[in-house]
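To keep things simple, chains are lettered A, B, C and D as they appear, and every chain counts its residues starting from 1.
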Amino acid sequence: MADPMKIRATLQGDVADVRVLMAHPMETGQRKQAGKAVPLHFIQSITAQLNGKTVFSADISQAISRNPVFAFKVKGAKAGDKIVITWKDNKGETRTDETTVRAGL
Amino acid sequence: MKLKTLAMLAAGAALLASCATGPGDARRDALAMMQRDFHARGIAGMDRLKQDEVQAACNKYNDNPPKELAAKLQSQQYAGVKWPQDGKYLGDWKSGEKIAQNGRGMAWNDKGGVGGSCYNCHQIGPATTSFGTIGPSLYQFGKLRGYGTDIQRYAYAKIYNAKAYTACSQMPRFGHAGALTEAQIKDLTALLMDPASPVNQ
Amino acid sequence: MQETRRSVIRAGGALGLLAAFGTALLKPGRALAARNQGAFEAKSAVDAMRSLGVSNAEDSKDIVIRAPDIAENGAVVPMDITSNIPGTTSISVFIEKNPFPYTGTFDFSQGAVPFVHLRAKLGESTPVRVVVAAGGKYYTAVKEVKVTIGGCGG
Amino acid sequence: MRQALVLGLVAGFAAAPSPQAAAQTEDPVAAEFDKFREVLEKDNPAELWEVKGEQLWKTPRGPKNASLEKCDLGLGPGVVKGAYAQMPRYFADVGRVMDAEARIVHCMITLQGFTYAELAKAPFSNATRTPDPVSITTYVAAQSAGVKLAAPQNHAQEKAAYAAGKEIFFYRAGSFDFSCTSCHGVDGQRIRTQPLPNFTKPEQAIRSVQGWPGYRMTGGVMHTLQWRLNDCYRQQRFPEPGYTSETLSALLTYLTVNSNGQVYKGPGIKR
C-alpha cells in the first residue's frame, strides 16, 4: 500500500495555503536498473476538496519529480475546514489523505 | 570491546609504523583506526591507504613542504614520466573533450581508469559552463602559451604526473596512477594544445 | 464538480480536438474526466497543445513563472506559477525539450487561487511554457531554465 | 634543465589573466542555488521518512519484539529531543564514541535483536528501498531541529576522537592523492557547479552537518551522513570505510565539534 501523504493547510487571512508531499517513485520508464528498464509508474491525477467541494485538480505526466510536492491556495477557507486530497496512478493505485485547515501565525 | 580495540590499535600502529612520519598519539590512533575500519572493495584495495613518499611529505607539511624537499620530490616524479612511444604529444582533441568530461574511474565501483574528471576542477572548452574552480582555467591554454613542442611536452607531463611540477598539487597523477593511458593523455594534450581545438578559439 | 474539469480547455479547443481526434476524447459528464492521452504522448509542445485544443494563445505578462535561471539539479526543478488574469480556470505546463513536453494541467474552481507550486524533471536546458485558460481564451508565457552538471560526475 | 625551462614558462604565464576569472570570485550560480534551496526546503520530502522513522522507533520489532523507546541516545533512555545535536558522544556501555546512526544501529542490535551483519549488508537507500536505520536517523535528527549543535568534548575519548578525526580528515592517500581537504580545505571553490565549503573553518564546517540527513534530488532518496562519508571515500578513490565504524564517528566528531554553537535545522535537501 502506498505511504501516506503529508498535508499541511495553513490560513493566511482568508486564504488556505495547502502544501502536500506524496510518496511515489514517478518512474519515467526510461530509468534502468540492473540493465532493465523500470516500467512507467507515475501519478496521473490529483483532486483536492475543501469541505467536499473540488477546488483543485490536475492531470500530470511522469515528468513531475519523484516524491511529488505541490502547493495551491484556496480563498474563503476557515480554520477547521476539511481538506481531502486523492491521487491515482497509472497502475490504478490510489491514496486519499486529509487534514484540517489551521489558523496561521 | 575496549581491550580488543586497544589491541587492534596497537597492531595497526605497528603495521603502519613504516609510513607514519613523526607520529603523535592522534596520528597513530587515526592510522590504526583506518587500517582496522576500511576494507578492500572492487579495485580499491587496502594498499591505497598506504602513503607513498609524496603523499606522506604533503600530509606532514600540510601541502607546503620545504623548498629542497619539494624540488627533490618533483625531480623524482618527473623522472618517472613515461613519454609517448612515437615522440608525438598530440592525439585527437575530440576524444580528449570526452575524456575531460568523464568523471568516472579508479573508484571501487569502476573497473579501472575511465575518464580524466578534468571539468570537475578546470574551465576548459567554451561550451561547458558547469566547470569547477579547484584548478586554474585552461581556456585558451595553447593560444595564450604558444603551440610549441616545449609547451606540448609540459602539458603532457603535467597530466601524466602533476607532482613533477608542484610536489603537493591537488591534481591526481593520472599517468603515474594508471588512471589514464598514454593515448588518453595525448588526446587531452590535444584538447589543450591543438590550434583547432575549441579550447583555443 | 468533477465533470467540469478541463471544460474550458475543451470548449476552447473543441473544434480542433474534433478534427484531430474525433469525439473519443470528449466525454462530458464522466466522474473522472478522460485523460488527454494524445497530449501526454505528443513529442513536441506544439503537438501537445494541438491535442489539447489550445490555439491562438496570446503572450501575457500577467502569468508569473518563478523558476531558477540555473537549476541545481534537473531531477527536481521547483516552479511557482501564478496567473493574474481574471477568470483563470487552468494552468498547463509544457517542458519543451523533454521527450514528452506536456507535464500537466492544473484546474482551479470554487475559490482556488490560480497558483500552483510544482517540481518537475528537466532532461536538459529548456524553455518552460505555461498556458493559461481564462474566459474561453488562452494566454501564454515562457521561462528558460538551464540545467547543469553538478557534483563529481562519478 | 628542461624542467627548469618549462617551470619558468609556466610561472611567466601564471600572471596572464584568465578570460573568465572574474566569474569565479562572486559566484552567481551558487547564489541562484541558495535562493531555490530555500524554496525546496520549505516542502521537503524528507518529512515522509521522519514519519516512517517515528513509527519504526515506536513499534515493537525484531527478534526481541521490542521498540526503540528505551534506546539511550546520550540524554537518557528514550530521550530523543535534542539528542542528535549532541552527538557524536562517548557511550560508556560500549567504551567508544558513536555518531547518531552508529548509536541507533547499536540499539537495534541490543534492544531489538537485529545483527550488525544484516544491518550493514546494504545500509544505503536506493530507488526501491530505504533501510530502517536511515528512516530512524531522519526521525531522530528532526527532533533536534532548531537546537544548537553541542557535540561534547568532555570525556578523554571524545577529545581523542576529535584529534583522530582531524588526522583522518587531512590524510592524503589513494590513487588520486586525495584527502578530505582536496575538496573541503579551501574557501570559495566549487566542483563542476557545486560549491565546496571549507570544513576546516568553523563558520563553514556547519555545512558538513547541516542538511543531513538529506533528501537527495539525484535519485530522490533519503541519505544520512554515513552515506555521505561513504560516498566521499568512494570518490576519494579510497577503499571502503566500515558502516558506523569508529573511523567515521571520529571524522563526524571533528566535523560536528567544528560546527558547535551553530543551530541545526533538521533534515534537509541536497543536490
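Observations
Keep in mind that, in the parts below, a contact is a pair of C-beta atoms (placed from the backbone, for glycine too) under 8 Å apart; a residue touches a chain by one contact, two chains touch by 3 or more.
None of these values were measured; they are calculated from a predicted model.
Inter-chain contacts peak for the pair B-D. Per-chain Cα centroids separate subunit A from subunit B by 48 Å.
A separation of 39 Å divides the Cα centre of subunit C from that of subunit D. Averaging C-alpha coordinates per chain places the centre of subunit B 25 Å away from that of subunit D. For subunit D, residues touching at least two other chains, in rising order: 43, 191-193, 217, 219-220, 234-235. Within subunit C, contacts with two or more other chains are made by residues 75-76, 78, 117, 119, 148-150, 152-154. Within subunit B, the positions touching two or more other chains are listed as 107, 119-120, 129-130. You'll find the chains touch as A-C, A-D, B-C, B-D, C-D. Considering their complex, residues 29, 32-33, 35-37, 39-40, 43, 191-194, 217-220, 234-235, 271 of subunit D touch subunit C. Across the complex, subunit B is touched by residues 146, 148-150, 152-154 of subunit C.
The touching residues of subunit B, counted against subunit C in their complex, run 101-105, 107, 117, 119-120, 129-130. Those residues of subunit C that touch subunit A in the shared complex are 1-2, 5-6, 32-33, 35-36, 40, 75-78, 95, 98-100, 102-113, 115-121. Taken together, the subunit B residues at the contact with subunit D in this complex read 1-2, 5, 25-27, 29-31, 33-34, 36-41, 44-46, 48-51, 54-55, 58-59, 62-63, 74-75, 78, 106-109, 119-121, 123, 129-134, 136-137, 139-140, 144-145, 150-151, 153-154, 157, 163-165, 170, 172-173, 177-179.
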